[in-house]
Structure formats: C-alpha cells, structure tokens
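In order of appearance the chains are A, B and C, and numbering begins at 1 in each one.
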Amino acid sequence: MSRIPLVPENVEPLPSIGESEGLLSWVGSIDHKQIGIMYIIATLVYFLIGGLEAILMRIQLAHPNSSFISPEIFNQLFTMHGTTMIFFVVMPFLIGVGVYLVPLMIGARDMAFPRLNALSFWLFLFGGLLLYYSFFTQSGAPDVGWFAYAPLSEKPFSLNNGPTYWAIGLLASGIGSIASGLNNIVTILTLRTPGMTMRRLPLFVWMILVTSFLLIFVIPIITAAFFMLLLDRLFEANFFNPASGGSAILYQHFFWGFGHPEVYILVLPAFGIISEVIPVFSRKPIFGYEFVAASTVAIGLLSLGVWAHHMFAVGLGNVTNAYFSLASMLIAIPTGVKVLNWVATMWNGKLRFYNPMLFAVAFIIEFVIGGLTGVAVASVPIDWQATDSYFVVAHLHYALFGGSLFAIFAGVYYWFPKITGRMLSECLGRWHFWLTVIGFNFTFLIQHILGLVGMPRRVYTYPDMPYWGTMNLISTIGALILGISVLIFVWNVIVSLRNGDPAGDNPWNAWTLEWATTSPPPVFNFDRVPPVRGRRPLWDLAHPDMPDEK
Amino acid sequence: MANNKMLVSFFIASESIFFLMLILAYVNFHGDVIDGPTAENSLNPVKTGIFSIFLFASSFTIWLAGKSIKKKDHAMLCVWLLATIILGAIFIFGQGMEWASLIGREITISRNVFATTFFTLTGFHGFHVCVGLIMLSILLGLTIAGDFKGPRSDGIECVSIYWHFVDGVWVVVFSVIYLWAFL
Amino acid sequence: MEKLGGVFNASSPEMTAMAGLTLYMIAIAVVIFVIIAASVTYIIIRYRKRSGDESEPYQDFGSTTVEIIWTVIPTIIVAILFFLTVKTMYAVDPPKGDREPDIVIIGHQWWWELYYPKSRVLTANELHIPVGEKWLARLESVDVIHDFWVPELFRKIDLVPGHPNYIWLVTGKPGIYLGACAEFCGLQHANMRIRVIAETRDEFDAWQLGQLKIPTTPTDGEAAKGAELFQDRACMNCHYISGTAAAARIGPSLTHFSTRQTIGAGVLENTPENLKGWLLNPNAYKPGSLMPNMKLSDLEADQIVAYLEALK
C-alpha cells in the first residue's frame, strides 16, 4: 500500500493563530477559513440592507403616483441597492466561499498568500462601509444609478458628494478583488495536492479559476474609469464631460467593458456551486466534465467581447450593433451546454431532495428563464424596445437572483455543515425555499410584461396606465413574500448555529476533498489528505472496485 | 514556498490592462483639440527622450543587480541597486520638470482633453515608478544591513519584474504621446 | 377590459416589425423553456430516490456525441435569430443618407424641446407628426443623456450630449401615443414624458399654421396684466413666446401654450386650475424641477394663467 502523500510543507510555518478566541483573533486572522467566514457574515449583513432598499422601492411603486418615498431618496435607494447587491453581496460572497473552500478542495493548508487574502477582505469591508457612510452625510448617498453614467455623475449635474464616496468605496473594494483573483490563481496553479491534476480539479475550483482571470483583467478597466471620473469630479478634468471636449460614450465603453464580464464573475462561481451540488444529490458524476470546464473557459473569453450590447440605444451604428449582437447570442451556447449537462447529470440518477438540491433544481429553471430573456435582448431590435425598461430589470433579476442567489442558497445549505459542524434545519429550509420561489417569481415574472408595455426603469413613480398599477402591486406583494423568506432564512441560520444536528465529516456522502476532514476543519485543514487518483477522491476510496479512472 | 514570481507576473498583466485603458483614453482624444495645448505645441520630446534614457538604463542596472546576487557579489548588488534608484530618480526629476513647465504655462489637468489625458497617463506612470523606487530603497536598505546573501532572492527577482514592467509601460507611453505626435 | 400598450399595440410599421420579432423570440423561448422544465419535472419524479434504496446508480461520465448534438442545435437557432435580427434592424433603421431632419428633438432635464426646421416651429413635449409619412429626427441633448421612447411607435434612441443621433419616425394610425424618457437623467427622470400626436396631413398642416401664427398680446383685462407680469417677473429669462421679447430657450417654449395637453412634460393636465397650482409652486408637482418658485401672489398667478390661456 503506497504512502499517502502529505500536503507539501511550507518552508516557513505560518504564524500560529493560537488558542485565543474572541474578536481580536478574528480581526488579525490570516487563516482562510476565518476570512471566508467573515466574508460570508459581512455579505449577509449587506444583503439584508440591500433587500430593505428593494422593499422600500417596491412599496413606493405599488401604486401609481405614490408619494411614500421622495424622488431624492428613491434615486439613492436604487443606486445603493444595485451597488450593494453586486459589489457587496454576490461578488464577495462567491469570493469568500471560494476563499474558504478552494484550499480545502485542492488539499492545501491555506491560500498561497494568506496576508494578501486578509487585505482583500478588509478592503471589501471598508469599501462598503465608506460607501454606506455617505447616507449619513449632508448630501446623502450616491443617486446616479449603479452605473453612474457621465455626464449625470459629473459636475454640474451631480454636485453632492455621494458619487465620490461611491467611486472611492468601489475603488478600494475593487483592489481587494484583484488581489483575491491573483491569490486564487497562484493558489490553484501551485498548491494542489499531488495527484490533483488540472483535469481532476473540482468544477467549483475551475469556475473560481476562470473567474479569477476575469477579475484580474477586468477590474483594472473599471479602476481606470473610477479614477477618471474622480479626476473629472474633483479636479475638473475633461474625460467624460461633453461640454469641455470629453466623451460620455467613452465612459460607457469603459464601464461596460468591465460591467459585462462582471456579470460572468457573478455567475460562474454560482455555476460551480451547482456543478458540485447536483452530482452529489443525484449520486452520479457530472455529465461531461470536460465540456463543462471548456464551456466555462469559452464563456470567460467571449464575455470580454460583448460589452456594447448594453449600448444598443446609444447610436453606435448598425455594423457595431450587429457584431455585438452576434457575440452576445453566441455566449448562450456554452451556457446552454452547461444547463444541459446538469440536467443530464440528474437523468438516471437517484435524486435526494435535501435543501441544497431544491435550490439547485430551482436554479436551473429560473436561470434558463434569465438566459432566454438574455438572448432576446441580445437581438438589437428587441433590445430597442426592452432596454432600460422593466423587461431588463426582470431579465437581470432572473439571472442574478434566480441564478446566482439561488445557487448561493444551495451552497449555503450544502456547506454550512462543513463550516460550522451543524446541519441547517431541513424544515425551516423548506419554508425558506418555497417562499423564495413563490416570492421571487411573483416579484419578477410580471415585470417582463411591464417592460413590454412601456414602463421604463429607474422611475420613482409612473402614470396610471392600463394595468400598470395592478402589475406593480403584484410585484410588490412578491417582494414582501421574499422579505419574509429571508427572515426565515436568517432565523434558520441562528437557530441551527445553536441547536443544529451535529454534521459529522461528510453528511451528504459527497466526494471532494473538503469532506475528507472534520466539520469544521482543523486549523491546518487535514490530518492526512486522501490519495487523489481521480476527480472524486472519496468515491474512489469508498468504491475501490469502481474507481473513476482505471 | 509561495510562488511570488507568479504573483508578480500576473499582477503586472493586470496592471497592463489598467495602463491600456489610460492609453486608450489618450488615443481616443488625440487630434480632437483644434486650438489650445496639444502634444505638438506643448511638449519637448528631446528633453523627455533624454530623461527616458535614464529610465531605460535603470532596467539594465537592475538586471546587473540580479546577476550580482546570483554570483553572491554583495557589494556589487548594493552598487547596482543604488544605481537603479538614482537613474529612476533622475527620470522622475525630469518628469517633475516637465510638469512644472506645463503648469507654469497654465496647462493643467482641467485645461482640455489633451492635458487631462496627458497628466493622467504620465501621472499614474510616475506614481508606479515612485512605488518602485520605494521598494528598491527598501531592498537597498536591507542589502546594506546584510540581507540578500544570494544566490537566489524572490524579493530581488520580483521587484525586478515590476521594474522592467514600469519601464516597458514607459516605452509604450513615450511612443504614444511623444513619438506619435512628432513623427 | 383596457388595452395593453407598448409591444401589444404596435402602431407603426417599424414597431410592428420589432414587435413581431419580439413575440417570435418569446415563442422560441417558451418552447425551449417548456422542454427544459418538462424534462426537469419528469426527471425529479422518475429518478427520485426510492426509500430503502441506498444503491448508487450507473456512473455515467458523459457522451461526446450528445455534447456535439446539443451544441450544434443551439448554434443553428442562434444563426437563425441573428439573421432575423440583422434583417429587422436594417428594416427599422435604414441609413439616413443626405436627408435633412424633419424634426429636431433636444433633451433637457426634464423636458423635450421640439424644433421643426422646415417650418421653424418651436414647441415642447408634444410631438405632432403627420400619419404615414417617413420623417427623419435628429436627437441631441444640452445636458445629460436622455432616451426617447415611444413604445408603440418607434425604437428607443439615446440623446447623448456631444453625439447627435438620427432615427426614422413613421406612424401607422392616427392617435395620441404616450412615451417616456428611458435613460436615467436625474431627479425627475420619471416625469419627463412624451406625447406623440399622429394626425392626418391636413390636421398637421392646420396645427403647424396655428403654431406659426404670432399670438397677439392681450391689451386689456387680467390677461394684459399677466402679459406684463410675464416680462417683469423674469419668466422671459427662461421661456420663449414668439412675437414678444421672450426669446430664451432654457425652459420650454410657451408659444400657443393653451394648445398643449399637459404641463410639465406630462405631470399635470393642462387646465387653468392646474396651471395656477403649477405657477404657485412648480416643485409641489415636480420636485426638483428647474423652474424656481417665483413667489407669485394668488392674483398674480390668476393673471398669468389668463395670459397663457389667451395664447391660442
């Protein structure tokens, strides 16, 4: 029997965390598990705030010509809601859960650069705090939309300090994200346990790898744009101000050059979560591993070349429009391939409907809707009706909520036992699940129609057109149901942390390396890393007669 | 050992994109200015070219520093690190003079799109050079204190990679701003 | 049962083409969705783990043939969609050629300046257009980016400062069509509404002639006092009334204001009571509107209303 290979030893041991409990040990921590947990907790808090912003908006929009919320406040709400959910919830949650899991999944002791890891977290946290501090200033939070188009975001149209806080907060957070991307790349390329070739990487790790490349190449684009915007606002520079020779359209190219790959940054790790959950709960390996991995790389590359599909109404010319339309439709193909691979994984399986699987299956349905409306708006003439209307609001929420957030919930139910040592309540989880599905679809399905009948987005009120009030009211009721579902989720987390069933090492009978250690893992992650001779080391251990690779 | 060189290499790939955006902004507005300061009527390519030579020379000296540590030649390592710092500082001094001259002629970042993109691009480049000078000074200090006995040092190699990057960016920036305007 | 608007009430040849493509795409999407949803539903019922059965199923790693098939089929669908996209795009938005615009639409925060270059009519917010004729519009902005969107008639187009855009305007049936600004442009983006009045050529000519007539300044009664106030109280610093000294274009033109249907780009119906309320405090109806509260007395407001209503 061959020696079980150990994780490569660091030449210099990491500074020990010591036995100290308490807040200070967390603040100074460079352990990837603690940092991952801090990311997750912080994003949960930002999520509650972002959700509250959404519910306030929906209440205002429940009736035409309502005056529950003034236009000043409403414009701050939708700006902060979008900014929070994208930059301070979905992105850092996925980065954070990646930071927790990637070293475990590859059999390593920590990330390649633990201190850099901590820096990324604190930059994210404080970037968000700086942004939210703006609410307490005299001129209030930024109110120019999460994309802050110039010249609206510049003087003389935006004289308050809100957008300045926005740009600086996001700059700080963005630098942290670049650092995370770099850290992930080096970790995944160099710290894999012996036997874990790139072709045996868990798909979640593949997705984090591709996402990390996207991060390091596209965040610099928005960093440049933020600096230019700040120079315009603070030093009267002329980048984006048409009145002094600048170009409003240049800002959009830069913003969407980052912004479009950003949505893939928000969704690829979610795909990774689904690619872990569905096989385990179908009791089968993922169908077409190489195709799922390859299609991820294809999506990553293609995503860099489609940005101007956000600009079809800007007047770039039909040759440009046609190119971006085609490229955007092409992305649907590798994405569709993934969906079909997940469905095929379930086919002929023995499906177990624990909470992670409920969310994963719902994800497929919701994300397909989001993807299909995405193909619709990729078609220029359709986009000429749908862009900047509630149709797009519906599309983006099906992709980011029905897609990324549902996957995040699946991941939470799946890995909570590993992180905390306790199971989340199945019963409360089912309540959470059904209320989320009902609330989500009530909120957003009808918005497709609202957009097609002519309701623009980012409006604090609307006239009493036929059925607009009714449709908006339905949407608001859905949002309130979603609010309740989130409260149940938070309750589940609190109650389970105290009294959840002990999880054991591998409650789901899963196969990747994070399940080969205790729940929660010890400081050094593994007593021994099992031999890796295939994509599913624990399957191979349990089925020596039927290993994945002969 | 964590792969520091890999980190720095991917980092400079990322920073290249940042500089690419600043360059694209400059290129986008090039030629837009009808009257007012432009590259042709405001800049001195010969003077800047001479100062650039100092920067390019500093890439050579840091390469020599790298060779010195491989040979465990501690004294020469100090010498070449110091030379790199001095050459880099001369370049920054030249940049500063150029900026002072422009500002003295009331050409500031808010003047027009040429001035905006010029100061932003050269400013961020200069900032990156200064960061490099700080790192080199730290290396020099540690070397004088006895560290970096060789033959290998991630610290020296990584800062070298970064320094060559900063040089490479200047090749592009100088070509886009000075050569393109005057040739 | 009220009629749904937007894509469900396409009233121009362009919009009919775009609506057609939209509904066709939705049909394809529904078919694909039903296939996936039905498959998933079938799978979660048929392949549910039966209680007591702890065995593992057949471990299927994939099939290259299947992957090829389900890559090729979507590629074909995409190719068809793209072909239809390009065809519709060029049908809706052919090149502008050398034609001079028939209407110039200038976006302001938060109203629409409308200028008819051929007849020199200057008006605001309510676009009269003869039915069935193919017009070229030039769209610009004096401040931030706006977007001209009349969902039943035309494609959307941004009004970008520094970058004029051109679209074709063709209407199908006479009527009043409502639209809105569709690019967030600040505080009152929600209240920057558009009305397109598509009418027969004769009706349009009559309207245009009426707009070109220089309104006679009233000489007696409350309206005359209102006319004086208009000049004294700095209204003329922002507003244009042809035939008077008021020639500014900072705010909407008020020539023939009584022929307009709404006040404030769609915020209020144009009635004397509403107009008085607006004059007494514009920000009560459109908070953040750039028209300041001129601190008029009740009587002064009545007089200005009388004057404006007399501008037929």
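FYI, a residue touches a chain if its C-beta (ideal position, glycine included) is under 8 Å from a C-beta of that chain, and two chains touch if they have at least 3 such contacts.
Bear in mind that the values here come from a model prediction, so they are computed numbers and not experimental data.
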item: Partner chains that chain A and chain C have in common; value: none
item: Among all chain pairs, the one with the most C-beta contacts; value: A-C
item: Separation of mean Cα positions, chain B and chain A [Å, integer]; value: 36
item: Whole-Å gap between the CA centroids of chain B and chain C; value: 51
item: Chain A, residues touching no fewer than two other chains; value: 246-247
item: Residue ranges of chain C in contact with chain A within the complex; value: 2-8, 17-19, 21-22, 25-26, 29, 32-33, 36-37, 39-40, 43-44, 47-50, 53, 55-63, 66-67, 70-71, 74-75, 78, 81-82, 84-86, 88-90, 92-93, 109, 143-145, 147, 149, 151-152, 155-158, 160-163, 165-166, 178-191, 193, 266, 287-288
item: Residues on chain A engaged by chain C in the complex (per definition of touch); value: 70-72, 75, 144-145, 149, 151-152, 157, 242-243, 246-249, 282-285, 287-291, 313-315, 318, 321-322, 325-326, 329-330, 332-333, 336-337, 339-341, 343-344, 346-353, 361, 364-365, 368-369, 372-373, 375-376, 379-382, 384-389, 449, 452-454, 456-463, 465-467, 543, 546, 548
item: Chain A partner contacts - residues on chain B that touch it in the complex; value: 1-3, 6-7, 10-11, 13-15, 17-18, 21-22, 25, 28-29, 32-33, 109-110, 112-113, 115-117, 120, 124
item: Partner chain B, residues of chain A touching it in the complex; value: 10-11, 112-113, 178, 181-183, 185-186, 189-190, 216-221, 223-225, 227-228, 231, 235-239, 244-247, 250, 254
